[in-house]
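You will see chain A twice below: alongside chain B first, and alongside chain C after that.
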Partner chain A sequence: MSDTTNQLLDNLNALATGLFLLTAFGIVAMRQVRGCLNLFIIQSLLLAASAALLGLRHGSEHLYGVALVNLISKPIIVPWLLRRTVSAEIYTRREIDQVLNIPTALLIALALTILSYFLAQPLLGAVAPEFRGPNVPIGIAGLLLGAFTLTVRREALPLLIGLLVMENGAFLTGISISRNLPLLVELAIATDGLIIVFISGVLIRAVQKHIGTTAVGELASLKERDAEPATTETIK
Partner chain B sequence: MSVVIILLLPLIAAVLVCIPVKSYWASGVTVVSSVVTLILATRIALRVAAGDSVVTTLKFGLHQWIAVDGLSALILLLIAFVATTAAIYSVGYMAHENLKPSKLRLYYANYNLFVFSMLAIPVLAEPTLVWIVVELTTLCSALLVSFQNTREALEAAWKYVVLSLMGAGMALFGFLVLFAAMQASGNDGVYTWEGLIVAAPSMPPVLLQTAFLLILIGLGTKVGLVPMHTWLPDAHSQAPTPICALLSGIETSAILYVILRLFPVMHASPHAHAETWALVLGLISVGTAAFLLLQVRDYKRMFAFSTVEHMGIILMAVGLGASVAGYSAMLQIVSHCVTKSFCFFAAGAALMAVGTREIAAVRGLIRKSPAASVALVFGGLAITGAPPLAVFLSEFSILKAGLMQKQYVATGLLAIFIVIAFFGIMLHINRMVFGAPESNGNGSPGNNHIEPQPVEKFHLPLSCRLAMILAAVPVLVLGVYIPKPLDDLLTQAAAALTR
Partner chain C sequence: MSKSILFNLIQVLVVMVFAPLASGVLSRIKEIVQSKRGPSIFQPYRDLWKLFHKDEIVSEDSSWIFRFTPYIVFVTPIFVATLIPVLTSYPLFFAFMGDMIGGGFVLALGGFFATLAAVDTANPYGPIGASRTRMVGFLAEPVFMIVFFTVSFVAGSTIPYIVQEKWVTPLANFFTPSHVLLMLSFLMLILAEGGRIPVDNPTGHFELAMIDESKSLEYSGRGFALMKWGGQMKFFVLMCIFLNVLVTPWGLAGAHTLGAVILAIPFVLFKIFCFLLVLVVIESSLSKLRLFRITEFLGAAFIISVAAMIAQIFLP
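So, the complex of A and B:
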């Protein structure tokens, strides 16, 4: 392929990964549960796009497979599974009372992103030039932002999405640096993601039915001592 | 071929138990399937111990994905053993719960799937596939943790899923980096544990170290290493007791096995200090767990914290140097598995007798249920390392290895923590079993003059007794005598750590 095409593909991939990062930020801050889910779907589409672009760029049919698996499993099957397991009422919730207010959360997210660029440098230095690209730092950022989402959100569904964002982040790096994984493994990982959604969906439904809330971040009855503020060694 | 059959059996059983017939069908199928699995696993272990290869006859290219060496065979055998005793224990325990038949079938279906996911960990050779089955263990056991659908059980299950999967996300990243390291090494080997060891010397050290740390922290979450342990006492205490025995007794060790697989790979990169990481993380886990053991209020949580302690001890033993303490670490894995599953059976017997998990609410158990009391005292002594039981032998040899390696500070601290844990556990058990029934929580033996109320005796179901006797045999025997084949197997497993 000519240099200009390669350049174009690289730029398009940079655009896709950049937007991927943006959606990860959105998931940290979005109050509406449905909005979170939509952002996650967009993010998965961008992941698939990045895989397809890299596949085109490096002539790897294997990456087309990854793109296809991602295209089917996350934007289509995940929302379907959630509709089957979780009641529709959850989507309409808004999370008013976050652990951190939104500007603080976004600032910390920004710091994490900068950190991930530094973390990525030694990794990028160690792999062959063709594996370098924006995927590695942004993938690490996705991993960290997903973990951060898990700490700031309380509502069950955004927490589940945080888990999936972590996996998306790992994948985004994976399609760049370890792109020759057997397709069987990729398929298994995708299936695994669907099982995560199904099991968590069942759990969320059980929590809602038996406890009457989906703000799972507030559940804290299992501790060593009685809930006195003085005991700092309690287990959360 | 028997490796494949072992993996298929629990899957078939999981399907069969869903057939809605008589109530003992589901439990019967599960017991039969796990006994057959145990027999097959024992055969594999014997063959591996004798030095034979077991996977050369595999067809359809499966030999790329499946490999069984000494370490795998050991873990496989332990999983099959605990799965069998827990299946027998389930018969009586779940009957005691008086569940609806559909709920019982759900339990057994989940049980078999969970056992399947664990059995797959040691026999798979492809690291990313191993990651997938590790994740499956979380997912298959999550609904078992929340099985009772109480507020606490649901909370525990939710924490379990979120924290374990968070760790799994990091571990996935680690495995992908490991794959990249494999590619960067220019070695055309297959991405298996074996291939990794071959390719390790030519891998870029920075990739190898990053992968190791990510996997250590990610999977360490699921093993329950401090400070990622916070979900473990919740999940390991809220699940139905046979599941606790599986989770605490063997699942944690099976996940630790995956971390241990990385140590021979890390030998190629001595600057990464993999052993120091293991030593420090292990010591922190043992220490934290020992002090938390003193202040538990729930006796199932107590045994769960003891699991954190034991995982720390095993990791520490590996950190002392696999060539010196590898055998002791393997012995500790074995003794932990058999003893901890027994402890949870004992705790479950106490729970059936009194119906509460609060330590303060249980006093004078010896009058209510002598069998449960004897089991609790025996289990407590065994898990804390009283001689001449299995844990004593393994802990003693770890301490000896520590002194040989001149790690006096770490060894000294370990000895102190073990003693603290001993007193923590035995204090609680002593109060529960022999404490005066009238005293509320103080447990002062002074008011014994009050006339003891006649207590209605509780009779433990036969299958529970059987399971406890089966589990107690290795606890007793391994303290004084290690059979030759097991000794060979342990030596081979230790050798797999050092290559």
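So, the complex of A and C:
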């Protein structure tokens, strides 16, 4: 392929990863459960786009497979699974709180992103020059931001989405450093993600049924109310 | 050189003449979207004409700041219009005097005096609006800085004539993440600085909810006309920076002839019309944020601008 086409593909891939980073920030800051889920869907689409562009760039059909698996499993099956397992009440719930206020959370997220740049440096030194795209640092940033979402959210569904963002970040790194990921592994990982969603959905449903809320951050204070172990039974 | 000065004059005239038209078109489209008929697109001109023929009342207790401010608010966008590419893609006579940061500071000067004047008359609503504008201002300031730093980091310069070349040569550069993220965060800045909807409602007439409007509450007659016209020109200039430098550097006059410069006017107006359509979509689909949510809005703009810079570092 010609040089200008390659440059265009590189830039489009960089754009997809840049927007990927932006959606990860959005998931940290979003106030609505529904918004979080929508951002996650957009993020998965961007991940698929990045995989397809890299596949086109390096002429690798394995990456097309990755894009296809991502396109089907995350933007379509995950919301469907959540809709089936988690009741509509959680879907329509408007505002969710955070441990930190949103500007602080965003600033910490920013620091994590800069950290990811330094974490990516030794990795980038180890791979061949044509794989040194922005995917590796931004994938690591996605991983860190997903973990950060897990720590600051108190609501069950955003916690689950944080977990999935971590997976997306790992994927984004993976597709850039290896051209020939076996499709079997891809399928296994995708199924794994779906099973995580399913189990967590059932768990969220059980929690909601027993204590009437999905604000899992409250569970810690629930335990402290009386010292008897009886309270843990109510959670179960 | 005389040609250069002539082109500069044309640029300033375009900004002066078409700024009210842009605001008229914007309000008309917005009303049409809301299933209303709305005023004519030439209504802002009629308003200005009417205000210039009315008596001006100035409070006895106000100082010279109150009397001077309309002129400063009116003149600063004109200054900026001589610095930035409004019609031409090559620098004109005054362009050596300042880059984008300089233009930002000149615009901020007008805002600064408008704030002082609002406090000057001791009208209770003026200081409320003034302090709110400062709040939006100081939250927007770091974003402006980061945007300009990122621009200079990516393009190697903050002179708008060099920057606009950078985004489209080669065309693939248009799609770099830093460029797209910069556009996004600058758009949010324009919404905040121009007092558009997620931050401030420009058509609201309830004093307690005003941010931008309440600064000119005390003005009447000619002073009010100048404040209004100045505000419209400031918005027009911001749109010109956004469209001609950051988003679509096409359609500007490349040749040093009068014909090319005149021909660029409809192109620029068309670009601004398209941008106004986008603005109408934004304004009609969002609601005004609560005052303390503005922090989050501009915080998001800040994050996006920093992400633009980081994305540039991440590129190999």
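Operating definition for what follows: the second predicted complex is superposed on the first by the 215 of 236 C-alpha atoms of A that agree within 3 Å, B and C clash if a C-alpha of one lies under 4 Å from a C-alpha of the other, contacts with A are read in each partner's own complex, and residues count from 1 in each chain.
One rule holds for everything that comes next: a contact is a pair of C-beta atoms (placed from the backbone, for glycine too) under 8 Å apart; a residue touches a chain by one contact, two chains touch by 3 or more.
In this text, all values refer to a predicted model and were calculated from it rather than measured experimentally.
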Judging by the criteria at the top, classify the pair chain B and chain C on chain A as clash or fit. fit
Would you check which partner chain A:117 touches, where first means chain B only, second means chain C only, and both and neither mean what they say? second
Could you tell me if A:170 is touching chain B, chain C, both of them or neither one (first, second, both, neither)? first
Please tell me which partner, chain B or chain C, touches more residues of chain A. B
When the two structures are overlaid on chain A, which partner does A:102 contact: first (chain B), second (chain C), both, or neither? second
Rounded in steps of 10, the angle in degrees at the Cα centre of chain A between chain B and chain C is 160
For chain B relative to chain C post-fit, closest CA-CA distance rounded to the angstrom comes to 18
So the chain A residues that chain B and chain C both touch are none
Touching residues of chain B toward chain A in the complex: what are they? 126, 128-129, 132, 135-136, 139, 142-143, 146, 149-152, 154-159, 161-162, 165-166, 169-170, 172-173, 176-177, 179-181, 183-184, 191, 204, 206-207, 210, 230, 233-234, 238, 292, 295-297, 301
Residues of chain C touching chain A in the complex: 170-173, 175-178, 180-181, 295-296, 299-300, 303-304, 306-308, 310-311, 313-316
Quick one: in the complex, what on chain A touches chain C? 4, 7-8, 10-12, 14-15, 17-19, 21-22, 25, 29, 102-103, 106, 109-110, 113-114, 117, 124, 129, 132-134, 137-138
Would you tell me which residues of chain A are touching chain B in their complex? 122-123, 125-128, 131, 139-140, 143, 146-147, 150, 156, 159, 163, 166-167, 169-170, 173-174, 177-178, 180-182, 185, 188-189, 192, 195-196, 199-200, 202-203, 206-207, 210-211, 216, 219-222, 224-225, 233, 235-236
